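What follows is a group of structures, each given as structure tokens.
What follows is a pair of complexes built around subunit A, which joins subunit B in one and subunit C in the other.
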Partner chain A sequence: MKDFYLVLKNLTRKKMRLFLTVFATFIAFMIFGTLTAFQKAFDSGIELSADDRLIVLNKISFTQVLPIAYANRVRAVEHVEAMTHLNWFGGYYQDPRSQFAMFAVDAENFMEVFDELVLTDAQRQAWIDNRQGLIAGQAIAENFGWQVGDRIPINSNIFSQRDGRTDWDFDVVGIYTGEDPQTDTNSVYFHYEYFNETQSFGGDFIGFMAVRTSDPSLNEEVIKSIDDMFANSPAETETVPEKAFNKAFIEQIGNLSLILTSVVLAAFFVILVIVGNSMILSIRERTAEIGVMKTLGFTSSRIFRMVLAESLLLALIGGVLGVLASGSLITLINNAPIQLPVLVLDSSVWSQAMLFVIGLGFITGIVPAMSALRLNIITALSRS
Partner chain B sequence: MSDDILFDLKGVSKKFTKGKDTITVFDGLDMSIARGDFLAIMGPSGSGKTTLLNMLGGVDQPTGGEIWFDGSRIDSLSENQLAAWRANNIGFIFQFYNLMPMLNAERNVELPLLLTKLSRSQRKKNIAAALELVSLSDRARHMPAEMSGGQQQRVAIARALVSDPKLMLCDEPTGDLDRETADEILTMLQLLNREYDKTIVMVTHDPEAAKYAKRTLHLDKGVFVEKDLAA
Partner chain C sequence: MAGFFSQIWTVIVMNILSLPRRAWMSLAAVFAVAVVVAVLLAFLAMAKGFERTLAGTGSDNVAIVTRVGSQSELNSVLGRDTVNTMMTAPGIALDDNGDPIQSSELFVIVDGVKRSSQTQANIPMRGLFLDGFDLRENLTIIEGRPFESGRNEIVVGKGVQNQFEGFDVGAEIRFGKTSWEVVGVFSTGGSAFESELWADAPTVQSQFQRGSSFQTMRLKLANPGDVTPIKAFIDNDPTLNLDVQTEADYFASQGQALNGIAIFGWAISIVMGLGALAGALNTMYTSVAARAQETATLRAIGFSNTSAFAGTLAESMVLSIIGGIIGALAAWLFFDGFSASTLGATFTQVVFTFELTPELFANGILLALVIGFIGGFFPAWRSARVPVVTAFQGVE
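And then the complex of A and B:
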């Protein structure tokens, strides 16, 4: 502890260099914190998928529809506990650029299948009772300022009504939250019947179905039953576990994990070079001072620890500030009127960041610390 | 060995290897330094003054022979043992002061005390006493860059004596100072020797500086001749 003052004074002796080095580290950790939160949010879509939930799609492509008649047949399959069907609506509110996830669903069974969504009994009943009612996730409701009781127009960039209008009137009857903080609450659900009766593209088709089985161990059996049932029909199905479906959906964007990891690694590599170079220069400038300290009786190992502590402290300051800033950035992103998954800066991101701090501090400090350790007193004093 | 002898060098040799050449600085040097002595070592460049001072201070090891300090042999100590020995027994004063530029005067003086187990309050008392002794109490919070060369050297003297060492080693302590300031510093060293019984070994090129010492050794090519200038 007695040496901490010396470490601190050495660290702060050149204010501009300290600021620039900390700033560079700060930027790297801000990128790390934000991108890791994004990665976790995308991963959470997979992790939060229910093990006992299956998705039934048109075998050709998930953009191809299925007949509504399939719904009752799937519901009747053995070990199917609940089933709802969903149609992508392509909805936007006021601004065509602010498109969001909006589905026409079988409202009566929807909450049975997606039971991780939290809605009060009264709101749930109000939804079932009101054919123009919709339920919106908390995040999207906050973004658009919707409240229960509001009547709002929502346009579709795919469908139109039979009178040519592209906007539908809805009553906001419920705002749902999620059991898990990372549950996506950026989606909107409304009645299939309202959609089916008013849209002009022909009726009685559904986009896909979501099925809850009585036990995950029976998934394979249910998958086989469903796909066999529609084999050789004009619209064959492909049934997959929800986890696999979500994973494949996210991977359409590209290997997000690889992209995010590459960006983070590139940022850290640059920081490694900047901070490492700064530390080496800093210690080289202090050669004579290190020689004097050794002359006074400071052991080489003690000076080694002080140099390493300086490097760790530098990484810690930049790292903590960077992750704190990424927390603020994430709050801004979550509150922005854009449709993104809920970003969370949880303890695992902090733990990872601290491991990077230690790694960065150690790697950038070890070379100058070893130089200080090996420095011969006479050589050092001759440079004074 | 007499109790009055603080340092005893017996047959000390020091050789450097430079490429294929071996340079012999000392070959069988014998020397004794008594407690309370104030010894000036003079000689031309390359005569071995600084090498001798480094060996006395335990920052360089002889190639052969023995170095005894206060009844203990130090030439065979490990690097860490020597560091502890230096911290306990030696105060160093350098030509260019070698203060830490990022520390104020009192923090510079505190450095050797960080190697002790003294509490912060005890350290503060010792620092205050050392600065008082070099008449710099009013500059305790000043940074080295805010002080003159003479003041910086006085801070360096305070740093050298704050842990109450038995021996003070001075390497050209006035080499970077004007005559008047140099005399002040040398008078201070003389005071420490006479009043506080500090044993001092000073390497210098300056015959005027050597006059402050009790005796002077002239070193030439690793061999010295004792000549009593103070008498």
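And then the complex of A and C:
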């Protein structure tokens, strides 16, 4: 414990230097915490995708449509528990530049397939009963200020009604949340029948299908049955697990995680150099002192431990403060009115950060600690 | 007065020449600034490259007609009747036979495999007539020949060929059940069209079940940049629910998609810059402390405290500029001309090249200078106030 007191005294000997090195560490860990939360949010689309859910697409591209007749044939495939079809609507509310994810779906089966979306039974029934009803995710409803009971116009940037209008009237009948805090609630769903009967470009086509299988281990079998069924037809299908579909979609944007990881690495590198240098300098300034301590009977290994403890403590203070700050930053970002996935700072970020703290403290302390360990008393005292 | 400046100059030179004595500490400051500048420039070069690619794509001489509110070519649909009506609009340039110079086009998405990640990504495929080639500036067929009408042939953009697998001339490509032959490669001088596959419009209509509909029309303008007569024509006809804008405006608005990246780059760099600033301050305070006796001696023999201030500030700025230049050079070496592709506004891959312009370079150096100035100012202040009596004491 006495040693700890000495470590603390050594650390606070030059207040300005302590402040600056802690600040540099603080910055690095704040960047780390925030960017890791971003990366986790992007990955959550992949991690939260259900293992027993498959997506059936047109083989040419997901923007090519499929005939509606496929829906009943897929539903009849063995081991298919539930099936809904979805059409991308290209919806926007008031401002054409802020497009959001809006799909025309088979409402009765929809909640069976996407069972992670939470809607009260009353709202669910209200949706099924109201052909012009839509359900919106909590995030998007808050964003646009929609309440259950509102009647709102939504435009499509793809489709138009038979009379040439591009806006449709909807009743907001339900606002859903997710089972997991990171579940995406930025989407809107409405009735396929309403869409199919009012839009003007020939009807009876669907965008893609989402299928829930009775068990993930049967996925391969179901994929094969579906794709074989439509092989050599004018619209061949490609069935993929939802996880693979989401992953491919995110990868289209580019290698986001590579960019984020490089930035975090760059930040750590800068801090490593600054803190490491500072440590080396402060030990070198204390050469004579260490000589005196050794003369007094402090063993070399004890001094080694003290120097290492000093650098670990330095990293720990900056690291904890930095991750705490990123927590407040994340709260701020989550509350900002922008369409972003929900950022969460969970224990895995903390444990990863603490690992980096130990690494940083060790790497920056090892060189000065080694030189203190090897220091010869005579050289040390004569150098002053 | 001359003496005042020569004093300052002497101290600056002295400080800088003595840098090697504090080599490690100085290198740390230089390195920190270099990394911060390199990170900033990497992000800015990415956003700039994307913006330039799209801005370079649109022409002021061409108007693009889409369905009202569709925002992008992908979402638009134009029926055969609409296309025919639009050909009679005023303000369109006419060819030698008195026919309007126009191109009716389709825009569909197909899958390709990206070379870099071996994953599937969306490629735009444009159906057009050979007349449409004349509406693109700087178009050259760099290999092979254009497609022939009525055949399943495609010409591929240079960008597609670079970023995706299997688009060599002579290759056979399957989209769903249909198979296509690559017959040529085209270049449009680095614009976004190079991210596309081009094929015969009626063939695309039949192979993708589009009936007789198109998605967009390009019209050569009689007066470059002037779409008002066409707009007036559309407004007067209640059956036409269309938007018209110059192609330059259309692509300029799509080029803003990566502006968020530039803002993110600035935010990250400024935060990291604060870290580097802490490093610079650390270095300079150490340097001032190490030179306290020297400074006091200079003061004792008649040097002003302004010269001590200027000396320290100059040392800090020099270190930062060196760091800034190293960072900028590293960014230029690694990122300038780096080719990448990302998802653009039409849900398809846009191939673009990172561009480190002199203007961005200046931004990087400016950031380094700000770090150097603030990092030097406070230690310089302390240096200027070293009491003369220190000269006659031992250090510390």
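Brief remarks follow.
Assume the second predicted complex is superposed on the first by the 365 of 384 C-alpha atoms of A that agree within 3 Å, B and C clash if a C-alpha of one lies under 4 Å from a C-alpha of the other, contacts with A are read in each partner's own complex, and residues count from 1 in each chain.
The criterion applied here is as follows: a residue touches a chain if its C-beta (ideal position, glycine included) is under 8 Å from a C-beta of that chain, and two chains touch if they have at least 3 such contacts.
A quick note: this is a predicted structure, and the numbers were derived from the prediction, not measured.
Contacts of A:Asn58 after superposition: subunit C is touched, whereas subunit B is not reached. In the superposed model, A:Asn72 makes contact with neither subunit B nor subunit C.
Judged by the touch definition given at the top, the superposed model places A:Glu289 against subunit B, while subunit C stays out of reach. Once the two complexes are overlaid on the shared chain, A:Ser347 sits clear of subunit B and of subunit C alike. Look at A:Asn10: by the touch rule set out above, it reaches subunit B but stays clear of subunit C.
In the superposed model, A:Asn277 lies in contact with subunit C only, and not with subunit B. In the superposed model, more residues of subunit A are touched by C than by the other of subunit B and subunit C. With the contact threshold set out at the top, not one residue of subunit A is in contact with subunit B in one structure and with subunit C in the other.
Across the complex, subunit A is touched by residues 24-25, 28, 31-32, 35-36, 38-39, 67-72, 74-75, 77, 108-111, 116-117, 119-122, 175-177, 208-209, 239, 241, 268, 271-272, 274-276, 278-279, 281-282, 285-286, 340-343, 347, 349 of subunit C. Looking at the complex, you find that subunit A touches subunit B at residues 2-3, 5-6, 9-10, 12-13, 288-289, 292-301, 377-378, 381, 384.
Considering their complex, residues 16-17, 20-21, 23-24, 27-28, 30-31, 58-64, 90, 92, 96-97, 99, 155-158, 160, 164, 166, 201, 232, 234-236, 248, 251-255, 263, 266-267, 269-271, 273-274, 276-278, 280-281 of subunit A touch subunit C. Residue ranges of subunit B in contact with subunit A, taken from their complex: 54, 57, 59-60, 79-80, 83-88, 92, 94, 96, 98, 100-103, 107, 111-112, 114-115, 159.
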